[in-house]
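Chain naming follows the written order as A, B and C, and within any one chain the residues start at number 1.
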Amino acid sequence: MPKLTIDGKSIEVAKGTTVLEAAAKLGVYIPRYCYHPSLSISGNCRMCLVEVEKAPKLLTACSTEAAEGMVVRTDSEKVKAARRDVLEYLLINHPLDCPICDQAGECGLQDYYMEYSLKKSRFAAADKVTRQKRRALGPHLVLDNERCILCTRCVRFCSEVTKTSELEVMERADHSFIDLKEGKALDNDYSMNIADLCPVGAWTSRDFRFKQRVWFLKKTPTVCLGCATGCLAEAQHNENVIYRVMPRPNAETNTWLCDRGRLAYKAVTAGDRLAKGFIKNGLIDLEPALREAATRIDEAKGAVAVLGSPWLSIEDNAALAALAIEAVKTENFCFDFPAEQGIKDGILINKDAAPNTAGVKLVKAARGGISLEELSRRLLAGQIKVVITEARAAGFIKEALKAAAPRLITFATNRGEIPQGAYATLPYASYFETPGTFVNYQGLKRRTEPAVTPPEGVKPLWGLVNKLAAYSGDSLHLNSSEDALKGVKL
Amino acid sequence: MIEFFEANKDILLFTLAAGLKVLVFMGGIMGFAALLTLAERKVSALMQDRVGPNRASVFGFAFNGLFHPIADAIKMIMKEDFVPGRAEKLLFTLAPFFALVPVLALFAVIPFGDYVMVFGYQLDLQIADLPLGLFLVLALSGMAIYGVFLAGWASKNNFALLGAMRGAAQMVSYEVVLGLTLVGLLMIYGSANLQDMVRAQGRLLFGAVPAWGVVLQPFAFILFLIAAIAENKRTPFDLVEGESEIIGYFMEYSSMRFAAFMFAEFVEIILVSMLAATLFFGGWQVPYLYETGFIFPGGSALPLDHYLVSALQVGSFSVKTVFFSWFLLVVRWTLPRFRFDQLMGLCWKALLPLALLNILLTGAALVALGKL
Amino acid sequence: MISVKKVNNRPLNFLERIYLWEIGRGLLVTSRHFFVNLFNPKKIVTVSYPEQRLPLPGAAGQRTRHRLKVRADGSPKCVACFMCQTACPAYCIRIEAAEYPDNTVEKYPAVFDIDLSRCVMCGMCVEACPEDAISMDTGEIPGGAGDRGELLMTRGDLLRNLPGEPSVKGAANRLANEYLEGKE
């Protein structure tokens, strides 16, 4: 356990800890470009130079292991001068096209220049070495070599995290630049993380490109609902429009976010987003659609089945359970979805594509219900005339639905989700628009916060259930998502 | 039928003539009052080195603002006619009439010319030749107080009521002075008939100076002018209305009711101008012009046609009226407003004693000259 | 020491105390203005705006209606960097960026709206612009309009150079001009 002193404060750290990490524990921030906590140490950017007593030269804090009795200074004149000079060096050939650069506002060069340099360049603008400007690399990214500072975070990410090794530093010295390896394409499932990783504007996301300036964006914590992994994420939005989703790195689940999860937000504003009810093949206002659905449920009293959904939050599943038990008063309800869970690709993507399989189990534990097979059996036996469920969950009993052909009433956010043969579809607010609780494959509770407001007239699912019950004559008194949770132990 | 016409020829002709005169004279006054609303703004603008209203146009012709009175009238008619919920509806409606009608009725006794022969019929250029015309003037102008007070009372608004009380006090006070200043004239001319008073001013003093009221009663003229402006509620005595600054008695009025009050003010300007011209500046008299033409003091004469003489006389009266109207506008845009205590002080402590003194001096002079 | 200024409040003489003389003098002053202006209206200071306009002082700090400058080839100098929109205290600028397929300066404004009904003419957008692409030197003073739509300046309304001025300043502009030079 080496004990060292940084800027006069001493700390004891585990063996193998670097000076940079030790300093972070003390709350001393050391600027860095190439260092990333989840990647291997490269030590090429020289931004983290610190002064260590008895060392003849400045040392890179990111690659220097803490040693017993080390005395480190990060605020000496020598260190400040080194940071200034490193920045001047990094900026010699930088095109300074911040006005057209998406990174502006969250750019390491901008931030550190303002913080540590504020020096005028001694090199004429005309002497700058120009390189290839933007070009699209892969389906999600754009690379601008001129802005690159060759920190190689992207190269390391591809070789260490995704292990696909598409990228490489080509040529040497002043001629070096990042490029694709021969015969490779930058199309791995995690490529958009490179745009986050890049401390400058060299890598930018094609999806986010030029859409919005980052300083306008507000951040709302949310959860990626792409699979059962339940990565913590952050919706960045402005004026009620989500522009991008970024990972919220955490020790338990994720540092990164897969491309599919990142782009899942697009369904919120997609062209097929449902803002009205859908009866058979025609759009209809929500109220008449609700009334129609309620009439059908009333007609089939006693022969109604309610199926929960692992794509819905615990609150909404609980509301569906309340609908089945207290309003429709049926025993045909199922909150049991068997699914194999576990990381599929060794990084983040889960074998279970539904985000809340574990959460639905809590509802089942509280409210009971039959199994999926039993539901299918009853369907095939003709005991069920109306099935109420979420659109994607209908896939679990696809065969039985096809054979028995009951009236299918579904809840959906987008038109594309509506299963074939659905009789009525009711639009509900997505989990970017309403809070919801999910339980991931590790059994960790994850909660989404609403980043934007739903389209006009669209309500959260528990609200729809409440209205549906009211039209059927039995009020459930659901006035908030918490009301629905009554009796369910989280 | 014909017998009836024959039998009542005189009275029918008189009625016809009177109707004609009312139409022409009143029409002229109304038109002039409308023009005065424009003149007020134009005169003030020119006095202040501005242009004044010049935007209202018909088919692109603005004529330097000539259409503004029409535009104003349209605007006033189009505006919402608002009656406060708790107002006395009847009195609230009546008040503008009390303000406007007595003033208009007054013009009946004002002679705007001598007479003109039409088809051998003598047409007096005066609507009503009343023996006590001057008293009618005083009596009817007293009626205008009802307009002010009813407006303030019927509005059921404390501030309107306060304005009305100030206004009534002011008008009652200055009416006294107004009446007393004219006593001197009555003493000199010995008649309350305005036509007689104008004819009397056709004489010459010392064979050269016209015997106009202003020459005989210069002091009374100044007092009359001050009292008349105050009675008219115009600056510097306009604290009753104080259009933009003080709260006046017609603060609850809008649309055409409000317009009636404002219009009455402009008609009063004409009335004061005409009275000043009639009583103190020889009315329709032109110096040295007699029925047959000019006869100058030197003895030389310029015979003129009867119609030309009549036209000159009517023209003379019009010019005098226009001049005094202009003068009242200039006064308004020159002098600052009085305070209420100053206003009452001026009336009771200065004008009233001076008016009484004027009567005394006139009487003394008449006795001394043996005219009594 | 408090300095004391003595005001000479001399008592009014008789003529002044009866006011009439002074009133007459006042009337003379106003009447003189009236008649002078009636027959010789040269001294009237009113300007019949908007038909008649005084020449603007033309000082450097003068801010009139905005314009977006264009490069020599007619493309907008604006690169849609959003600095003006960020700086705008009145939130009157709305930009939507788009990408040129092959130009060196890859970004341009697909939409650039200035809502003059919100604009406070502060000139912050001009200060903020890194490309010298927006300026307030058209000499036009935004006036009233019949409806709000007339006060919404779109990119088309804003894009123009003053006569004889294809400007070449600005970093990204330099690249664009070099690129254009290579093309010609």
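General remarks:
What we mean here is this: a residue touches a chain if its C-beta (ideal position, glycine included) is under 8 Å from a C-beta of that chain, and two chains touch if they have at least 3 such contacts.
Only a predicted model underlies this, so the values are computations on that prediction, with no experimental measurement involved.
Listed here as common contacts of subunit B and subunit C: no chain.
Overall, the chain located most centrally, as judged by its C-alpha mean against the mean of all protein C-alpha atoms, is C. The greatest centre-to-centre gap from subunit B, using C-alpha centroids, is found for A.
Per-chain Cα centroids separate subunit B from subunit C by 51 Å.
Averaging Cα coordinates per chain places subunit A and subunit B 88 Å apart.
Here the spacing of subunit A and subunit C, counted between their Cα centres, is 47 Å. The part of subunit B that touches subunit C in the complex is made up of residues 43, 45-51, 54, 222, 330-331, 333-335. Listed in rising order, the residues of subunit C touching subunit B in the complex are 20, 23, 26-27, 29-31, 33-34, 37-38, 41, 43-46, 48. Residues of subunit A touching subunit C in their complex: 95-100, 104, 125, 133-134, 209-211, 213, 215-216.
Across the complex, subunit A is touched by residues 79-83, 86, 97-99, 104-107, 130-131, 171-172, 175 of subunit C.
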